[in-house]
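Below are two complexes that have chain A in common, paired first with chain B and then with chain C.
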Partner chain A sequence: MSLVFYISSFIAILSTIMVITRYQPIHALLYLVVSFLALAVTFLSLGAPFAAALQVIVYAGAIVVLFIFVVMMLNLGKQTAQQEKEWLQLRAWLGPSILSLVLLAEMAVLLLQDAPEAMPATVVTPKQVSLSLYGEYIIAVELVGFLLMTGIVGAAHIGKHKKKSLHRFLQTYPNLN
Partner chain B sequence: MSIVHAHTVLIVAAILFVLGLAGVLTRKNIIFMLLSIEIMLNAAGLAFVAAGSRWQQPDGQVMYLFILAMAAAEVSVALALVLQIQHQHKTLDVEELKELKD
Partner chain C sequence: MTVMQHIWIVLGVLFVFLNIAAGLIWVERRLLALWQDRLGPNRAGPLGLFIVLADTLKLFFKEDWIPPFADKWVFILAPAIVVASVLMGIAIIPFAPGIVVADLNVGLMFFLAMSSLGVYSIVLGGWASNNKYSLLGALRGASQMIAYEVFMGLSLMGVVMLSKSFNLTDIVNAQKGLWFVVTQPIGFVVFFIAGLAETHRLPFDIPEAESELIAGFHSEYSGMKFGMFFIGEYLGISLISAMTATLFFGGWLGPAFLPPVVWFFLKTFLFIGLFILLRASLPRPRYDQLMGYGWKLLLPLVLLNLLVTGAIALWLRS
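Entry: the complex of A and B
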């Protein structure tokens, strides 16, 4: 399974680089789907089949579809890609990228200090996960239910188009309404 | 067949997280910033799953589930905000959105 892990994590890193460098939003979204699917294969090779299935269903299936619908509703055309090309100059991305690379190097040095230990080749089954989820983590599951509820209510409230209502004396063109 | 070391998985997660961080810091379009935040959350989930798999405990996948639910709620609210921003300001540039009034 180690070869599967190396190939899929390489694909994930490569497609993530493509996501953050594209000009067109829809191209970035399609590369994001590839990145999420590659991470799902990584989860599978690490012995977490339930997480892999959820990655495909929720991330690649629901969240990215939501993004694609919003990009379609915004109707971003060629001028958006042109604007992105103007914004993404060398002096704009060089500084943050170098600082992030320094952070990554520090993280790698810290991680590689200890002796390497191998990952066990066992699978954490969905049965274990669900027993733990509805056993010791039951209060957190209920809190996540609250969170999703507030997410739905918030999205419905924010996304509502408010109709501006004026008194008929204040309207400049009353015949149009 | 060679073995996957725990450090390798964590370094992959760190690379993905740093790529997302660089995306948030670099891009000015609000949709690309949201995409980069998704990448960072996913990298954190990979670290959790790797830790759960290293000690063969289900807790890592449970935490991944919570990250997933949080990301779904966050994305729905954020995309509703993006639609309102485009509707009211006719732009997605974050530098145009300095004023918090109204």
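Entry: the complex of A and C
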């Protein structure tokens, strides 16, 4: 199982790098999907099939689709790709690279110190997930519910507008649509 | 189960489902003709069966053209996604006791995950075509499928509550006394409607509405790339029909005079027939009607169903 874990996490890292370096926004989002799928496999190899399925359903199946939806609406063409190219200069890479190299070195040291042989893979069943969600973490779940509700109310408020009827029939009978 | 047996099951399921998908070309045209009082394809071969062969050959030998203005790699990727995601979904269906490709303990979640990935084929195909009609189709497809995914998932949770498992074999075994269609009628109806929308079949084929969008997201596709969308749609019908039979009509369960696999496929074909009957009989709604119907009618209905099912399940336990 640990080989699966290493392969999928490597793919996740690689595809995330590709997300950052693509100039065309849709291509970047496609790599983001791959990154989420790789993360789902990582969850699966750690013994959390429920979290893996949710990762695919929520992130890969819904949120990135909405991202793509918005990018499609914006109709970004070659100009954006050119602009991205100008923004992504080598100098901008310097700081983040040094910081992440430090992290990589730390992780390598820690991994070599302990040399974990087998991963502690206890399978978490859907029942356990839901019991802890509606038991220990009930307040967090309710708070997230509040937050999402505010989001929905806000979106409904922004999206609401009076219907303008240009045709004289529709003006006389406003319910006729 | 040995490795060889497993490989045979995988190959068998692939063979059967790809052949069903191809055979549906003929079945759909003949049934539509029957219901619309015409003859349908009846010339090539016995009962016109060779239309399948003719159609497949035509698709294979047509020029496979990629428009110069399209985004080449995304354009090629899109039709592959639809077939791959549907075939992955088929992997969790139990055809008979022991005959299943992957007996996952989160099988139902896996099915939902795969059907939610299917939306990428429409979105990417429409975007990569670089054509305004395709883009409009893709936009419609994306919002339709995201919306109806919600009801599809919620309508199945009643079944999960009653069978106490996400595993499809357990769900079928939980229906030994009574099929879930009796205890979850609303769940069944909403699941089937959401399945229609997920496979974007008539009356919900708004992403490809011929009369306004000239086939929508796949209007730039030709040859076998179009064929993949075509086969993907038929595979999607078979998948939703098989899932309906498994989740609400007892899967392979049935009187003992026929083997379990036969019962399973009989039920599946019944729902495929229902898909085609709906196409023959219902007109296409307008786009806002579709979304309003989903969010204003199906969502409250399915939430209410969930609430009542949960209450009754708790009451029975205490």
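We take it that the second predicted complex is superposed on the first by the 133 of 177 C-alpha atoms of A that agree within 3 Å, B and C clash if a C-alpha of one lies under 4 Å from a C-alpha of the other, contacts with A are read in each partner's own complex, and residues count from 1 in each chain.
Following the convention adopted for this analysis, contacts are C-beta pairs under 8 Å (C-beta built on N, C-alpha and C of every residue); 3 or more make two chains touch, one makes a residue touch a chain.
This is a predicted model, so every value here is computed, not measured.
Peer 1: Classify the contacts of A:V65 with the two partner chains as first (chain B alone), second (chain C alone), both, or neither.
Peer 2: After superposition on chain A, A:V65 lies in contact with chain C alone.
Peer 1: Pick one for A:M73: touches chain B only (first), chain C only (second), both, or neither.
Peer 2: In the superposition, A:M73 touches chain B and chain C alike.
Peer 1: Just checking: does A:W87 make contact with chain B only, chain C only, both, or neither of them? Give me first, second, both or neither.
Peer 2: First partner only.
Peer 1: Should A:S35 be classified as contacting the first partner (chain B), the second (chain C), both, or neither?
Peer 2: In the superposed model, A:S35 contacts chain B only, not chain C.
Peer 1: Touching A:A53 in the superposition: chain B (first), chain C (second), both, neither?
Peer 2: A:A53 sits against chain C, while chain B stays out of touch.
Peer 1: With the two structures laid over each other on chain A, which partner does A:I138 touch: chain B (first), chain C (second), both, or neither?
Peer 2: In the superposition, A:I138 touches no partner, neither chain B nor chain C.
Peer 1: Looking at A:F43, would you say it contacts chain B, chain C, both, or neither? Reply first, second, both or neither.
Peer 2: first
Peer 1: In the superposed view, which residues of chain A touch chain B and also chain C?
Peer 2: Residues common to the chain A contacts of chain C and of chain B are 50, 54, 62, 66, 73, listed in rising order.
Peer 1: Within their complex, state which residues of chain C touch chain A.
Peer 2: The contact residues of chain C facing chain A are 71, 74, 77, 104-106, 109-110, 112-113, 116-117, 119-120, 123-124, 126-127, 135, 138-139, 142-143, 146, 149, 153, 166.
Peer 1: For chain A, which residues are in contact with chain B within the complex?
Peer 2: 1-3, 5-6, 9, 12-13, 16-17, 19-20, 25, 28-29, 32, 35-36, 39, 42-43, 45-48, 50-51, 54-55, 58-59, 62-63, 66-67, 70-71, 73-74, 76, 80, 83-84, 87-88, 92-93, 96-97, 99-101, 103-104, 107-108, 111-112, 114, 116-120, 122, 124, 128-129, 131-133, 137, 140, 144, 147-148, 150-152, 154-156, 158-159, 161
Peer 1: Quick one: in the complex, what on chain B touches chain A?
Peer 2: Within the complex, chain B contacts chain A at residues 1-12, 14-16, 18-23, 25-29, 31-32, 34-36, 38-39, 42, 45-46, 49-50, 52-54, 56-62, 64-66, 68-77, 79-84, 86-87, 92.
Peer 1: Touching residues of chain A toward chain C in the complex: what are they?
Peer 2: Touching chain C from chain A are residues 24, 26-27, 30, 33, 49-50, 52-54, 56-57, 60-62, 65-66, 68-69, 72-73, 125-126.
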